[in-house]
Each structure stands twice: as structure tokens, then as C-alpha cells.
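Labels A, B, C, D and E are assigned to the chains in the order they are written; within every chain, residues are numbered from 1.
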Amino acid sequence: MKTIPVEAYFVVSMVLFGLGVIGLIARRNLVTVLMSLELALNAVNVAFVGADAHMGLVEGQIFALFVIALAAAEAAVGLGIIIAIFRYRYVESTDEITDMRG
Amino acid sequence: MEIVRTDFPFVSLSIAIPALFSLLLVFVNERFIKPLSLIGSGITFLLSLCVIYLFDYSRGAAVQFYEEYVILQELNIKLSLGLDGLSLLMYLLTTLVSLVAIVWSVRDKQINFRLREYFFAFLMTESFLIGVFASFDLIVFYVFYELTLIPMLFAIGVWGYKLRLYSAYKFFIYIFVSSLFLLLGIVSVAVVHYTDKGSFSFSYFDLLKNSYPMGFEIFLFLLFFIAFAVKTPLVPFHTWLPDAHGEAPTAGSVVLAAVLLKMGTYALLRFNIGLFPEASIKLMPLMVAIGIVTIIYASWMTIVQNNIKRFVAYSSVSHMGFVVTAMFLLNYEGLRASVIEMFAHGMTSASLFMVAGFIYGRLHTFNMENLRGSVKFMPVFALIVATTSFAAMGLPGGSSFWGKFLTMLAAREYSYSLALLVLVGGFFSAAYVLFMLKTLFLDVREESILIHFTDIRGFKLASFVMLVLPMLLVGFFPHLFFNMFEGSINFVLKNLLGLE
Amino acid sequence: MDIGQLVGDIRIPRLELFLPELIVLITAFMLFTLDLVLSTRLKRVVLPSLSAIGYVLALMSVGITIQFQGNTFYGTFTNDYLGILVKVFVLIITLTVLAFSYKYYEAKNSFYGEFYYMLAFTLLGAMILASSYNLIIIYVSLELVSIGFYILTALLRGSFISKEGAFKYLILGGLSIALASYGAVFMYIYSGSIDLRGILSYSGQDYHYLILGLVLFLIGFAIKIGAVPFHFWLPDAYQGAPTPVTALMASVGKLVFFIPVVRIMPLIQDKFSVAWMLTVGVIAAATMLYGNLVALVQRDIKRLLAYSSIAHSGYILAAVAVTKEIGLKAVIYFLLVYTVMAAGSFFVVAMLERAEGWNNEIREFSGLRFSLPYLAFSFLVYMFALLGVPPTVGFVGKALVFMALSFDGLWWLAFIMILSTAISTGYYVRLIVLMYMKDREKNVTIMGKSYAELVSLVFLTLLTVALAVVPGVIWQLLSPAASMLFVR
Amino acid sequence: MESVVAGIIIALIKILVILGIVLGVGAYLTWVERKVAAHIQRRPGPMVVGWHGLLQPLADGLKLITKEDLFPRYGNKFLYNLAIVLALVPATLVFAVVPFGPEFELFGYQIKPILTDVNVGLLLVFGLGSLAVYAIAIAGWASNSKYPLIGSMRKAGIIISYEVAITFAVMGPLILAGTLSTYEIVERQIEQNLWYVWVEPIGFVVFLFSLLAETGRVPFDIQEAEAELVTGFTVEYGGMKFGLFPLVEWYVEVLSLSAIAVVLFFGGWSPINIPFVGFVDPLFFLGAFSPYVWFLLKVTLLFLFILWLHWTLPRYRIDQITEIAWKVMLPLALINIVLTAIIAPIVWR
Amino acid sequence: MEYIGFLLFFVITLGIALVMISLNWLFGPKTPQEYEDYPYECGVPLYDESAQTTFHQGYYLLGLLLLLFDIEAAFLFPWTVVYRWLGVFGFIEMFLFILILTYGLLYAWKKGALNWQFEMEEV
């Protein structure tokens, strides 16, 4: 089987990461923002696993596992906070949560 | 520099006593505050007299009563305290003026609230000021130098006059920010020591041996100079002073003008000229020019002032101009002139501020127009005012005479035109003092309220006397004082000449 | 591939190195369990006291671990002087947070058992983050601390801004972690190692991956510490969070987020000294200038302190730019003492927030000296410390930074630092002037002071001065900590 | 190159076989179900179309195809159709990792009767299984109507609850087998002379429950709940689109999960097992076909068992269903893992 | 290699699905009527065009729980595969892991996250 060049993984992961970051900055919906964050973290996983496939090591996969787990934890906390925000008022966009300025 | 260690910790005691008394004030009953602070600063003053008595004048250049306590081994920071001739004079000035300020405050009507803090602040200032003049470790010096700011900030801000908040703010920002340059300079000097010798040291004695490339030395000189120029103050940096001095309570102005300004000039002599002799020689023309500009500009500003406190404040600036001009002439006469002028100005400016404060107590105004003829009906007070003014003007027999006279002599060594400029400065200072005297004494005023004024007496009289006597002492027996710092000046000159 | 070989031989970890963390971990689980089983009335007593006991025990065990140093858990956990020093401060600050939080939450009518064990878990994360070179461990502990902060920020009943702050913090914090771990990928590609020491001492031909990785990794941490182009979340998170938690974020958070950077700083400088100096220098300059300038116009005290915290990140970063050992010492010292100053100042605000009708506005500080003389005094001390006036720790920190800058000849940075300190004088002194020199607008009284918080406040205030006046204590550990990290 | 072509051809043949089984058998299972249900309820069931209604599925199909293509007015057309794809494709793809029998040699090629024997086969199953929830959620959302939305949310809630339970339930066999490949799991069971159901009864029960819940079989058919929600998330679907959902859920998924259950707990294609002793094969006379028959037999039996449950039990309430998942099934699964970890060394010897 | 088969399978099933979708469009009658494509509401006229509002927060909580437990499962899967080689130590570590997981479950249980009928907490 021909090996896939490591750069290919990086291109995929960079695209994913870029999308994640762009989504994080440009999107307005709270949950979408959170999902963009997850996308960025998953880009990290792709890159790690690709790197492992390239080098024949396992540390990257371990890292990816931890990233998966903690990204989930972060998403859980994020959802919790979003629910808490919704309980105070119905917010559709990040533009609406600007009680603090300065 | 020679070091003479001591068995008995005079210097640290005289730093500790006011501090301890001030801490004591926090806990005592309201009634004991004034007596206790009087006792505290009195003891310190007596201690300073003891030190003067015990000082070995034959070895004036040596640092005597030297003590050393390690603070941080790692960076070699030591609490090294001691007194050479120059410090000794400043030390005496500090204890004397602090005592005067406290004696004055006992009967100051303006000070009728937050007494505990007031005397706390003044005792702390005394302690810190002694620390400034006695420390031979640059970091410790810096710490004391900064610390004096805090009680003064409060003195101006809490017990000052109408614009006190603005003035306190301005005072603190100017001095604090400028001193950051000093801090940068100090650590840079230590770093140079580290790169040369492989160990840190902030000790003045170690750093004296440093040598720098010329450009870098000028850079360091300027770092130090900015801080001290603001503190002194020299002309482009002087704008904080009229506000701070003008709005401070009388005792605060006294301490500010008499001692805090001297920190600048003292440090210029001790650190700028001591540590960077080559740069000093190189920058001499610039420094002298700044000094001359300060004299003339400040004198002009003095003459146009309406407010008597600002008047005295600007006159202080012009006197500082004399001190700096004389100092940076970098010859024997000049250094002598500048040091004696520092001391002399300490007396006269303190005294003039107290005059202003006393009159304010009577008339509740600082406006010269309203003070016309006010002194006429208080003969003792008039005598004091006259003595002080003439001393400040530089009349022979007055304390400032020697400063101005020797400055001219020193300037003549370079050129007659420079001497002429100094002379013009002297004329100006005479002019504004005479102008003030004319306003206070000679102008006629119809209102009869002045007649009912009682003359000065009690604590206030005592505080004046304590200043006027040394003033005359300087005027008539200058060698008592010259002897003190002769050695130090010779040391500085040797340091300068060794390079040429 | 034989799985048996891959698994390798299993070694029992040297748990004595891990003792403080272990104690905190056990405490956290006990708190967790007790929170589930106890009644609310009992919880209010048991949870705080149990946490306090746990942290004190941990603090004592940190003292024990000084004699055992080294690596454990297959080299992923490193117990060295730096870690010990950080742990001591982190534990002390957390104890004080505990002391202040009790009455604060009582006044806000917002008792959550979660607070206590999230605090413990955050502490655990902070302690582990302070003592590891391993990217996985750094990542996990970073997340642990961050998630702890997100939750603690949101845990305030009836406050919308707390949720808002938590959300903003979460998004930017998540981004920072994503960036840092993305950087970790490239460093891993470069060297095939996930140990930072291994990565940076690996001498590969192709530096591109390393540079890319380091840049991303450091940007991640720059977001966490609020360095300037990445600071947006910080004021909101600080303002929104319950004030004791803000204190925790400003002190412990800032400290431990800096530590991985501090650990690898000498190694990076070994490779890219000039580029490092320039980039970090520019960021530091921007950070301190921006933080101070914006702080100048703030009306809310918590926001003001938040911007001052950004500015302090700038000061510390200035020392990070330095390539000499003294720079390392300056960074560590400043970081450690900043925890004390920042925590102390936020604690004062936390106490004031309990006063009737207090809105955290700056003008409310007018004449505070008359209403609450002791509180005003300690705030005064913190303000002087943050400003850098001797004889406080802030002064020593700034002096050390100046010294470090002077070592490397970074004069421009030193002058920018002076300039920004000058700007900062404006708002610090304004507070002092308001408190001590203005008449009071209204009488501020704080209901129900507890001894724990009074003792803590006095302790922190004393520490602010004592660590500067008697510096030997801290330098005894600081100096070997820096020397051990410094490679050349 | 040649081997690649051969591999592709073999794969295509396998795919055809699987599709035949899945869709053909799947469709005909509707008839089976109706018959079984009818006989459980003592009625004949479909009798009209063909002999004993044997052509009924075809008639149904034709009827569904010739319905008008409707689309709810306020819905999202793309998502509406995507939901169908998401329902059908993953459910069918699961069969890719189901091993039907042991490896054999044909025309010189070693052939495994499994489409893709990858070392993470079981993960693939769960990965694809998780996609089912998207189909349902999207279907409800895209319809933009109240009943579908409520139905889909309920169903999604149930699926994600049991997703956890099923994940933990399969870990017992995994510990014993030490591999994630479905093919190897069966091989291990044969090596160890043990159907894992003997040591993993708890795991099996949890798995069975989850199977029922995920496929929406009674007693967990709350998303249908005709009495309350009409037909739940499929309300707005019509014609063949409507027909696909029950086909996928009730037949394809049940079949695939049953097959996985057989693989995990009943030794795949192995004959009857006496624990730790060996296997008894009453169908020895079938020779090489015996494993396939065994496998299909076990799957069929399991399927019939599920049908039996469907037509005898009443329905649970939604809260009961989710609470059972978290409060009973999950702890049981966790206990099962620990117990298995303890007894595993005995199994390995 | 195995994945090529999988890919083929995927493409084919996708094709089948698309065909299935379009069957009705191909063979069904096309007789549009005014109300035939209205959302089903048991015959009651619509008062709200969109049903896509926020839903009960209980679903979010379920989602959170799934997220957390499924992720923990991601850690357990590798462990199950290599458990044979890990020995007693592996058992202890995973026992602790599961214990912590159980803690999480207990927490959710105790806090009422597992109950379907959630009461709105006072905010």
C-alpha cells in the first residue's frame, strides 16, 4: 500500500482548523460557535494521527485521545453555559450578549 | 573610599527612632500625639548633634559610622548605612528641618484633623530622608528615595490648600515616573559591574570602580540625571514644584523645599558626578547651561508671582539653579559653593515658607496684593522676615552669601562671561527678594485689622529661631561647615582629576 | 507489532513526588462525595473546612517534596524547585480564595457545593501544569484549569454577566487550547517526541515545523495570559466572574499559564535568540501600553484591575524576552509576587461588594478611608505594589525586569515599560487619592466579617511587603529553580 | 494490479450478496413479522395477495412507489431528503463488518465471508450506529412540524441514552477477545471454546435492551406512539420515503444489531457450545455450509425473539425508558466490565 | 485494501438511497392541491409556520451525558484490547477510571439530570 504523504494530512487538518477558526470568529449563533471550536480541535486530531501514520509512533494517537475527551468536556461545559444563558434571556446571536463593555 | 565601621549603630538608630515613634503614634491616645512626635524628632535631632560631635573631621572623605546588613545575598544587596562629610551635612539638615516642621505643626491652625496620620507622615518622612542621605547601596538609596514620596503625597493631598488633589497627583506622577529612569540606571550600573567582575553589586564603593564606554556612560548619566533633574528641579522639569509647594501645608512645604529638593542635588553630586566623572566632564557645558537657564528663568517667574507660596517656590527653583551651576563647574570652589548653598537654601526656604504660612494664618490669603504692609505691626516677626530674606538674597553674613559668592568665583575660573551670567542671576534673586520685602513691609495699607495682629510667639517663634540661628552660623562661621564636607569634595575632585 | 512489547514494562510511579497533588485529588473526591450526600446545612460547614484542611496538608507535603526531586510517571511529571515554588503560592492563594469566597457567596445568596470541588480540581490542574514538560500532561492540566475557571466563572446565581463572561472565556480559552495543541502537532512532527525538552533539544535539519509549532503553541498561551492582540476575553471574564474567582484567575491562572512558557523559554532562546527577543518584546510592549492606556478610562474597578492584569502580563513578557538567567529569575519572581498583589486587590473588591448598594464603580472609593480604614489601607498597599513603589514586591519585580532588560540591552523595551508605568500611575494614584483625600460620598459598611478573611487579608498584605523586605526566603528556592532551567 | 482488480470483483460480489440479504430479506421480513404477529394474536394475517400473502411485500412496495411526492410547505428540502440517506446508508453499511462464516478458498483466492475485516470493526459499527440519531433528528427538524419534532426529539433522546449503555455493554466480550475485529472476536470464541454469553449474561441483557431501544422495537417504540404522536418523526413523509424509515429501523437495523450480538455473544458461525469444553455440531451433515447455516439460524432466532417481545409487551413511558438506560443499564454495564476484567484471566488461562 | 470494499459499498448504498428517494417523484402522480403540503396538525389550522423553536433543556442534558460517557468509552476501548498485557496494574488503573466514571454518573443522578421530568430551577 502506498503511503499517503504527511502533508496531505496537514492540508486536511489545516483546512478544518481554518474553518473552525473562521467559524469561531465569524459565526453568530452560540452553538455554532461552539461547534466551530470542536472542529478546530478535531483538526488537531487529524494532524496528530496523520503524523503518527507518517512516523510510526503512538504518542500522537494518545494525544488525540485526550484531545477528544477534553474537547468533549469543554463542549459539555460550553453547552451548560449556553443553557444557563438561555435561561436568562432568549439569545440568538453573540451580538446580543454584550452586557459588559469598556 | 575609606570605610570606618562603628560599634554603636547611630545611623540606623536615627532612621529607626522616628519610624518607631510614628508607629507608636498609631496606638496612643489623641492627647499624646503632639508631645510624642516632638520627643521623637527631638531625640533624633540630639542624636544627630552627637554624631556631629563624634565625627572625625580629619578624615572627612571617609564613610564613618558605617553599618552593613545583608538583605539579599544573591544580588548582593546590602543595607549599608554610613555618613561621609556630605551626607553628614544633609543629615543634620534633615533632622533640623524635620524638628522645625513638627514644632511648627504643633500650633498650625490648618492642621486640625487626622492628626495621627499627619505626624505619622512627618516622622516617617524624616526617617526615610535620613535613609536617603545615609545609604551607600544604590538600591537601598532608591527605596528610601521613593519612600519619601508617599508621606509627602499624603501631606499635600490631605492637608493641603484648594488645589491639593491636583497638586498631589502631579507631584507623585512627576517624581515617580522620573525616578523609574533612575531605577533603570541603577540596575544598568549593577549589570555593568556584573559583566565586568562576574558578581552583582549595588554598593556605591564597588560601583565607583566601574568604567564604561563613553557613549554608554553618557546614557547612564542621563538616566540618573532625568530623575534628579525633576527632583531638583531644573528648568524644563520644574512644573510640578510650584503646584506641590504652593498647595502643600506649611510644614509640608518646609520639608519639601528644605530637604526633598536637596535629595536631587545631593544625588547629582554623589551619583552623577561620583559614578560618571567622564560623562560629567563631557556634559559640563550642557549642565551649566541648564543651571544658568534655571536661575534666570525661575527668577523672572518669581518676580511675576502673586501668590507668596508660589513666589517662594519659584525662588527655590532659582536657588537650585545656583546649586547645579556651581556643582557642574566641577572645580573646588564650585563644589564648595554648591554644597553650602544646599544647606543654606534649606534654612532660608524653610523659613520663607513658614513666613508664608504664618501670614496665611493671620490673613487667610497668599495673595501678595492683600499682604501689603502686613508685617509692619509684628516687630519680632518682621525681624525674622528681614533676616531670612537677606540671608536668602545673599547678603554677606547671610547663609546664601557664601554659595553665591563662591559660585561666581568658580565661574570666573572658566570665563568672565560665565561669571557675569551668574552675577546677573544673583541680581535677579536680589531683585525678587527686595520686591517681596517691599510688599510686606513698605506698602501702605489703610485697613485697621492689621493693627490687632499679635506678634509671633511660642512654638512658631521657636521654629523660626531654630532656623535663623544656623542661618547666621553659616553666614558668619562658614568654616564650621566647610570642614565637614571638605574631604568629600576633595574625594570627588580627585576622582574627576584622576581621569584627566 | 507485538502489543506486549508496545505496552512495555510497567513501573510503579514514585508517588512521594506526587504527594501534594495526590492530597488535593483525594480532597477533591471527598468534597465531591460529600457534596452529593450531605444536606445543604451541613455542606456549608463541612465543604469549606474540609477543603481548607486538604490544602493545608498539601502545603505541608509540598515542604516534604523539596527533598525528593526528579521525574516520575514515565518522565511526564517533574518535581523541581520551580514546581515546588509555584505550588506553594498556588496553594496559599487558593486557601485565601477559600477564606474570601464563603461570605461572598453567602452575601450573593449563591451557595454551590460545586464551587468547592471545582476549586479543588482547578487547583489540581494548576499544580500539575506547574510541573510538567510533557505536552499531553500540559494539555490535560491546561484543560483542567481552564474548565475549572469556566465553571467557576459561571457559578453565580442570578448574574447574567457571569454567564456572559464564562462564555467569552470559554470560546477564547478553547481557541487558545486548540492553537496550542495544533502547535504541539508540528513540534511532534519535527522531533517525534512529545516532551518539550526532547523537542527543543532535538537537532533536526528542518526548522520550519518547529518554528510553526512553537509559534502556534505560544500564541495559545498568549491568549491564556491575555497578551495584547489576544486579550479580548480577559476583561469580560474578569468582570463577570464572582470576585474571589476573579482573584483566582488573575493570580493562579496567570501564574500557571506562564509556567510552561517559562520552562521552555531558555531552550527556545538557545535556538532563536534574536527572533525571540524581538517578537516577545514587541508583544510585551503592546501589551503593557494597551493594558495601561485602556485601564485609564475604566469606570468599573474590576475592569480596571483586569486591564492592569493585562499590563502586568506585558511587564512579565518583557522579562520573558530576555535571554539571560536573570530574565528567568525576574519572570518567576514577578509571576509569584503578582499572584499576591492581584489576589489581594481583588479580595478587597470582593469584600466591598458585600456592602449595601455597592456597584463596583471607581467613584465609590471616595473617602473609603473613613468608612473602612483597614480595608482601605490594604488596598493602598496593593495599589502601591501594582504600581511598583518600594518597599513592595511590585517594585522588586519591576527592578528585576529592568535589570534583565539592561542585561540584554533592550533599552527600547525598558523605556516603553517606563512609559507604561507612567501611564499606570494615573489610575493607581487616582484610586489612592479617592480613598484617602476625598470626602466620602456615602458610608460603606460590610456586613459580617469573618476571621478567616481578615487573617487572609492581613497575611497577603504583609506578604506584599515582606517578600520585598526579607527577600531571602523566596530567593532560596527561586535561584536554584532558575539555574536548573537555565541550560547554558 | 491484477490482484486489485480481483479484490474489487470479490468485493463487488460480496456487496451484492449482502445487499440481497439485507434488502431482499429485509423486505420479506415485513411479511414474516405480520405473519408472526398475526399468529401470536390468533389471526391469519395477510392472506390475499399470493399464497398466504407471500406477495404482500411486493404489493406494498408498488403501492408506496406510486404515491404522490409530497413535501411539507415550511420544511427544508435538502435536510428532508438527507435524513432518508442518513437513515439508510449507515444502517446498511454495518453489514460490511458482519462475518458470515470462516475463511475459505475459492479458485485460488482466500476469501473471508466478510466485506471489510478491519481491526477496528466494532468501532465502525458504533460509528455508523451513532449516525442513526442524525437521521432521526434531521427528519424531525426538516419537516418543520410539531409532531415530527417532538417524536424525533424523543427518539433521539432514547438513542443517545442507550448508545452509552450499548457501548459499555460490548466491552465485556472485547476484554475477553482482546481485539476489535469482528472476525477475530468469533475466532477467539472458537479458540477459547466459549460463547461469551455464558460469562457475560449481564452484558447480553444490556445489549439486548439497547438493541430494542435503538431500533424502536416494543417496549421502546415511544417515537411511534400512535396514540400520541401519530407516527412520530415520519408524519410528514409519504410514499417510499415513508416506507424506508420502518424498513431501516425495524428490519435492517434489527438484523444488523442481531448479527453483531451473535458475533459478540453467541460465537458467530460456531455451533452449539458447551462452555470451556468444546462445540457440538448437530448440523455436521451440511459440511462446509454448516457455519453459514448456524450463523443465519442464530440471527433468525434472535430476530424472532425480538418479534415475540414486540407483540407481547406493552409500551414503556418515555421517562421510564431513559431512566432505565441511565439508572439501571449503565451501572449494570459498568459492573459487568469490572467483573469481566476479574474473570478474564480464567478465560484466557 | 479493505476500505476500498467499504468505499464501494458506501457508493452503492448511497446510490440505492438516492434512487429510493426519487422513486415517488418518478412514478407518483403529480396533482398538486392547495392544502396537501400543509404540516400535519390533526386538522387544526396552523397558527405558527415554524415548529423549530427551542426545546426542552432535558434534551441538552441528555446530550451532555452522552458526550461525556461516550468519550470515556473512547478511553476504555483501547484498554479492553490490551488489557491482557497490562496485568494487575492495568486492572487497578481502569478500576479507578471506572470508579471516577461512576462518580460522574452518581453526580448526574443525584443532581436530577437523569430524571425526565425536570423542574425549572429558580434563577
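Simple rule for what comes next: a residue touches a chain if its C-beta (ideal position, glycine included) is under 8 Å from a C-beta of that chain, and two chains touch if they have at least 3 such contacts.
Just so you know, these numbers come straight off a predicted model, no measurement behind them.
Q: To reach chain C from chain B by way of touching chains, what is the minimum number of steps?
A: Contact-graph shortest path, chain B to chain C, evaluates to 1.
Q: Moving step by step between touching chains, how few steps can get you from chain A to chain B?
A: 2
Q: Can you tell me which chain lies farthest from chain B, using the average of the Cα atoms as each chain's centre?
A: Comparing chain centres, D lies farthest from chain B.
Q: Taking every chain's C-alpha mean, which one sits closest to the mean of all protein C-alpha atoms?
A: The chain sitting closest to the overall C-alpha centre is C.
Q: From the C-alpha centres, identify the chain that is farthest from chain C.
A: Farthest by centroid: D.
Q: Just curious, how far off is chain D from chain B if you go by their C-alpha centres, in Å?
A: Comparing mean C-alpha positions, chain D is 95 Å from chain B.
Q: Taking the mean of the CA coordinates per chain, how far is chain A from chain D in Å?
A: Distance between chain centres: 32 Å.
Q: Go ahead and note the Å separation of the Cα centroids belonging to chain B and chain E.
A: 80
Q: List the centre-to-centre spacing of chain D and chain E in whole Å, with centres computed as mean CA coordinates.
A: 16
Q: Touching two or more other chains, which residues of chain A qualify?
A: Each of 73, 80, 88 in chain A touches at least two other chains.
Q: Which parts of chain E, given as residue numbers and ranges, touch two or more other chains?
A: 1, 63, 70, 81-82, 123
Q: For this entry, which pairs of chains touch?
A: Once each pair is checked, the touching ones are A-C, A-E, B-C, C-E, D-E.
Q: Please give the residue numbers of chain A that touch chain E in the complex, ascending.
A: 1, 65, 68-69, 72-73, 75-76, 79-80, 83, 86-88, 90
Q: Please name which positions on chain C make contact with chain E in the complex.
A: By the definition above, chain C touches chain E via 3-4, 6-7, 10, 12, 29, 32-33, 36, 157-158.
Q: Note which residues of chain E are touching chain D in the complex, please.
A: 1-6, 8-10, 12-14, 16-18, 20-21, 23-25, 27-31, 36-42, 49-52, 55-56, 58-59, 62-63, 65-66, 69-70, 73, 76-77, 80-84, 91, 94-95, 98, 101-102, 105, 108-109, 114-117
Q: Within the complex, which stretch of chain C touches chain A?
A: So the residues of chain C in touch with chain A come to 6, 135-136, 139-140, 143, 146-147, 150-151, 154, 160-161, 163-168, 170-171, 174-175, 177-178, 181-182, 184-186, 188-189, 192-194, 235-236, 239-240, 297-300, 303.
Q: Spell out the residues on chain E that touch chain A in their complex, using ranges where they run on.
A: Per the touch definition, chain E meets chain A at residues 1, 54, 57, 60, 63-64, 67-68, 70-72, 74-75, 78, 123.
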